[in-house]
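Structure in structure tokens, see below.
We call the chains A, B, C and D, going by the order they appear; numbering starts again at 1 in every chain.
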């Protein structure tokens, strides 16, 4: 084992992993975190804690991760390259590791122009692939990025994100390969609605032997309404929502659309479990944490394994 | 070339408010080429200043002059004969020119009239775009001749990020995704193998992060 | 303001607008006497500076008059002129003179009546806007 | 060149007709140093063009292209425009004619009339109104705003001599007692360009209702309805009730292609394009949702790339096209609609309600054509048009008399202009060798005023009553005298007649004047005259500035004399301020090599070479193959059945025998450099490909096209399948035999499709020609022609009718269901759909003939374009300078083009274009030197930042960064628009006359006292 990560253990034991997601509050409100987290407890193997998501200031992801840790859950500590240079990144990683955070996710981060501080300097000292390399070097070789030795290296289970539908499409698997080569232990993907295209992506990844070196968790998000489906289809860059998916939700009366969304999601999970190379799912139920137990239950993913 | 844009008129009026007579100085190099501070722009701004101040009932005398290159002290020297007559020098050169003039005429306020923008090239008449960040360590040979630092919004060395959509950057559909361009060019060059190598973290010392930079040619600087 | 007679400088291109102004004369039409025409080979020759200088020297309004869109004798000089007029308008707004004191208009060589009509309308509009504000300032300063 | 004439001593040409063709011929000839008498029956030059609002394909208003020509033709020293004048007799022979001409009284003195329009307003008949367009014949009439000469005329038949006009005429120009004047002119040749007439729909009122229903208009009337200068002032209203039309129908072939009484049997060739243009213009500018429908039998967009215009109208712009035979137009009282009935493609009756009906009327010969022919002693051909033939397309039956434009048959503008240049070229050949034209020779040397202070003379011209009534001359003159630099103020009482100009010249000398302001007329109309006058007095032409106190002051401010007087002072002050800073524009003199290179030895190239030979220098005729003749070598006969070979051989012989032509066969052009007047062209010649350079002044490109090699319909796989050319060869051999039993011809093979969207233009005529020939050889042969539109212009329509009468079956197919050809063993079967029977027919042909187009010789033309820096247009053909007004010029000065390198061309077209290109080239080669004195942009190299902005913004791509690293603008090419100067961020470019400091001075003077 590279770390004490629960996620690493679940995956190593060959279970179909389930991860969830929690967005930190825009304030110093501890209770809000705990309320949200309660819904996820026992339902998922690890919970992603976002880092100033969409470039909007929120409570530090390491702090929220620590709260989850104390609640007996496994946080997946997200860190973006946008806000910190390599000094800050490494010191935060050391602190997080020392306080029992075992799993982290390396990301580029959304551009500040999307967020609430578009005036902010855009750091990007290193990029996400260099970040993966930096953390795995710290862990495996006990060295900082600058070359100096580390007294007690951080034992992190290191993940990375992948968008199977971004452009150019032909680079998507190649870039996944670069992340794997950089040392990513697991991959969480962007939300998937176009199952056919994702299957093609996975087929290529399997052919290249990438799934032997890393574990791919397929990202899924329930569609709460036809409006949300349309928004995702049209407005979110790099998102592929096929017309028939939008139609399927939109064809339902308004009050039944959410139910249809969950039904669709369960069918997707069913397919993903059968898909070669898929090691689990990453369930992003944004502002719908309270429905997670129901979804996980209906998808037949309970109980979560104790390893 | 270095590109620049004239400052907003409101800011310009504020900056010349204390003065009654100014020398407006253009530069016949980059800012001429990018239509920000050549003879014609000097004449335009001079006219606008005269009119604006006359309207306020506080006439401003504006004399015009354009130097060959404001960032060379010898050219800046050309102002020496006349500069005493003025309350201030207003420069339409880039930041380099403004500083060269300010350095030479220590006792006189030297006000910038343009915002220096970036190093770029002209895409077509009237359109300039950033091309170089002056990072001090060129990687264009690895990236198909397209700079990931100057042209990727996140200056990613191993791109594209997940925000690349239909060849455009996530920040705006008007901005090309640099990594799409790099990839297209690498394919054209038959150099896709360059992409599979992970590019190492950049040593930013050669850029501004290493402190102000100078180039000294010992053989010339005698 | 009723006794205010605005002075409008017209930069008129040789091929169309200047000829249209001649035709207006030959048709015995009339427009305000404050309309004063300067001839240019093409409105593509009208520099933003010319417009600024006219206003700086006291014109209350400036009209750049070229050929109909698509009919410029020199291909697209009138389109360039229109774009420059926009730029000058922005600058005039910025310095408090008012961008609306400048206009780009298009007439063909035979449209004498249209020229007279445009010149009259524009002059009327400037009349309603009042004198070039630098005149007031110049008085105050003097 | 048609006859060996020893009496080539005359330098004068008589041109009959002041429409565009006549103007073009005159202007070309004048530029080539010839004296021209330009006769026009009407009071002003112009013809039809000024009545058209817009011209396709650019849908531009091209009047500004014409009016400078008309202006120049009217004003050039060597063109004497003679309005209201007709030819009475023509004696003598080519090279030595005596022409008697009769000028009718205008009753208005042109030298005095200033076209103010006062007479028009005063004429009490009430019928007098100046509505350009629909009403072109009011008693006093200026036919269009930019008319040349700029003077009214009085129609005595409508005048009752009340004298009101005399009272109001300030310049005292009206003279009701003017008499007609007869003159005798010695000329060497005659160009007949007297035009045609619009067909009058009156005889067919019964069907079309024109004349009965006010909302049935002819195409020209509709054009005027849309014109901003027209009767409705550009408002889109139908005549009867002012209703805004939403449904307009164009009826094609109104009075054309008909054997009905009162109609014409031929095709008028240009009406399809006129209607389409009108429909598009109406949709784009008046009514987006206009239901525009064109009712037609065959659409015949016949000119270069017109097919593309048609496709765009149909597929992109939504013009409806209904193939039918229009029947009658009726009026429905209750709705006010016009109801049009027609018989459609399937033979059934259709009806449609419309707001407005436009008749696509044709053109016919002038009503006095026979009378004129008798005077000229020439024969007329069919339908009273001038008789000409395939290989002598602009010659008449009388040597020395040539024809062009609608006198020869309905023509579009480029066709007319091409013929005009060709006729000009032919007419010139009957004259004495052109004498070198050096306009500066007879002028005194320009005085050098450098270092001298301005001494400005201000001349008030024609303080006529119109001006004097408004402007107080004394005030203006006194104020002027006080201006800085003004040394002399004088009143020139006599208009701009010769006496006035002499006084001006005298004053310049006496008062040592070095700058001149002329106050009075517009520089637009009189600038050139006064510029020449001061030049005669030894001043550079740039030392003149005009104050327009007539059109832009007195005439528009007649109700406010005080303000008008003040404004006159201001305008003169402004002109003085401007002229004070005037700098001389040096005229640039470039030596001109009169030799020419003609590339391509086909009909077009040979025609061009012959046109030039003997009129300039030497002609080098470069042909890549071993033989002259080009594509015409493959033709056996013409549509009217005459053999081609003998006439072609005669042409080749003439070329070979001409001592001024050097023929270079087996020769390729490999490089080309220099500029007009001093080109150097490199060729490789002979079997050894020996390289040599030719120095010459002009170039004509006539490299031709190639034939499309079909891949369709089993061509090359079955000997029964052949092209029209191969059929022609078979017919010529007389050994057609059984192959002629059942012949099926398929049109539009390799054209009007996705790969080649252009129309082959001449393949329909080839098919009809061969069909008739087959019937001639074997009257019982069955001949089917499967076509999409039969495009048979002018009298070829008669051949088409003849073919139908002789039993040739024409069956239309639509491109989505083309004929199918299959083969089983030796049996071949063609299956096609008959639209009228509405069923499929099957024929077993003994020969299957494919009508394939001439297509651009793609690689060759591409290479040619690269060498000569020219562009290719749609389909790969060479792009001309302007498709409408410069059809044989290219954008490169001194380089002309002719024949099928421009577009598929018939023999007559190739011959005409070759001569036209020669005619255009003659305007240059007759000059020993090229003198340029128009203001052109000048670069100050010290200031230039080499920013490329001028390079990018010049509309003609003329500036470049030279070896010294700054912008350079070739004065021989610059047209002086000033865009580069306006854009130059370093103020390094100045346009003489409009320099920054001069513009500022004018602005200051114009606004003096305002602030």
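Just so it is clear, a residue touches a chain if its C-beta (ideal position, glycine included) is under 8 Å from a C-beta of that chain, and two chains touch if they have at least 3 such contacts.
What you see is a predicted model; the values in this text were computed from it and never measured.
The chains that touch both chain B and chain C are D. When chain centres are set by their Cα atoms, the one at the greatest distance from chain C is A. Inter-chain spacing, taken between the CA centroids of chain A and chain D, is 72 Å.
Measuring from the averaged C-alpha position of chain B to that of chain D gives a distance of 51 Å. Inter-chain centre distance (chain A to chain C, centres taken as mean C-alpha positions): 63 Å.
Rounded to whole angstrom units, the spacing between the C-alpha centres of chain C and chain D is 34.
Residue positions of chain D with contacts to 2 or more other chains are 953. Counting partner chains per residue, chain B shows two or more touched chains at residues 40, 43. Among the residues of chain A, none is found touching two or more other chains. Pairwise chain contacts in this structure: A-B, B-C, B-D, C-D. Interface residues of chain C, counted against chain D in their complex, comprise 7, 9, 14-16, 18-19, 21-31, 33, 36-42, 44-47, 49-50, 53-54, 57-59, 67-68, 70-71, 73-77, 80, 84, 108-114, 116, 134-135, 138. Residues 8-10, 13, 40, 43-44, 47-48, 50-59 of chain B touch chain C in their complex.
The residues of chain D lying in touch with chain C in their complex are 58-61, 63-64, 67, 115-118, 121, 130, 132, 144-146, 228-229, 233, 522-525, 548, 550-552, 554-560, 563-564, 566-567, 570-571, 574, 935, 953, 955, 975-979, 981-983, 991, 993-994, 996, 999-1000, 1002-1004, 1006-1007, 1010-1011.
Against chain D, the residues of chain B that register as touching in their complex are 28-29, 32-33, 35, 38-41, 43, 66, 122, 124-125. Of all residues in chain B, only 153-167, 170-171, 177, 179-180, 183-184, 195-196, 198-202, 204 touch chain A in the complex they form.
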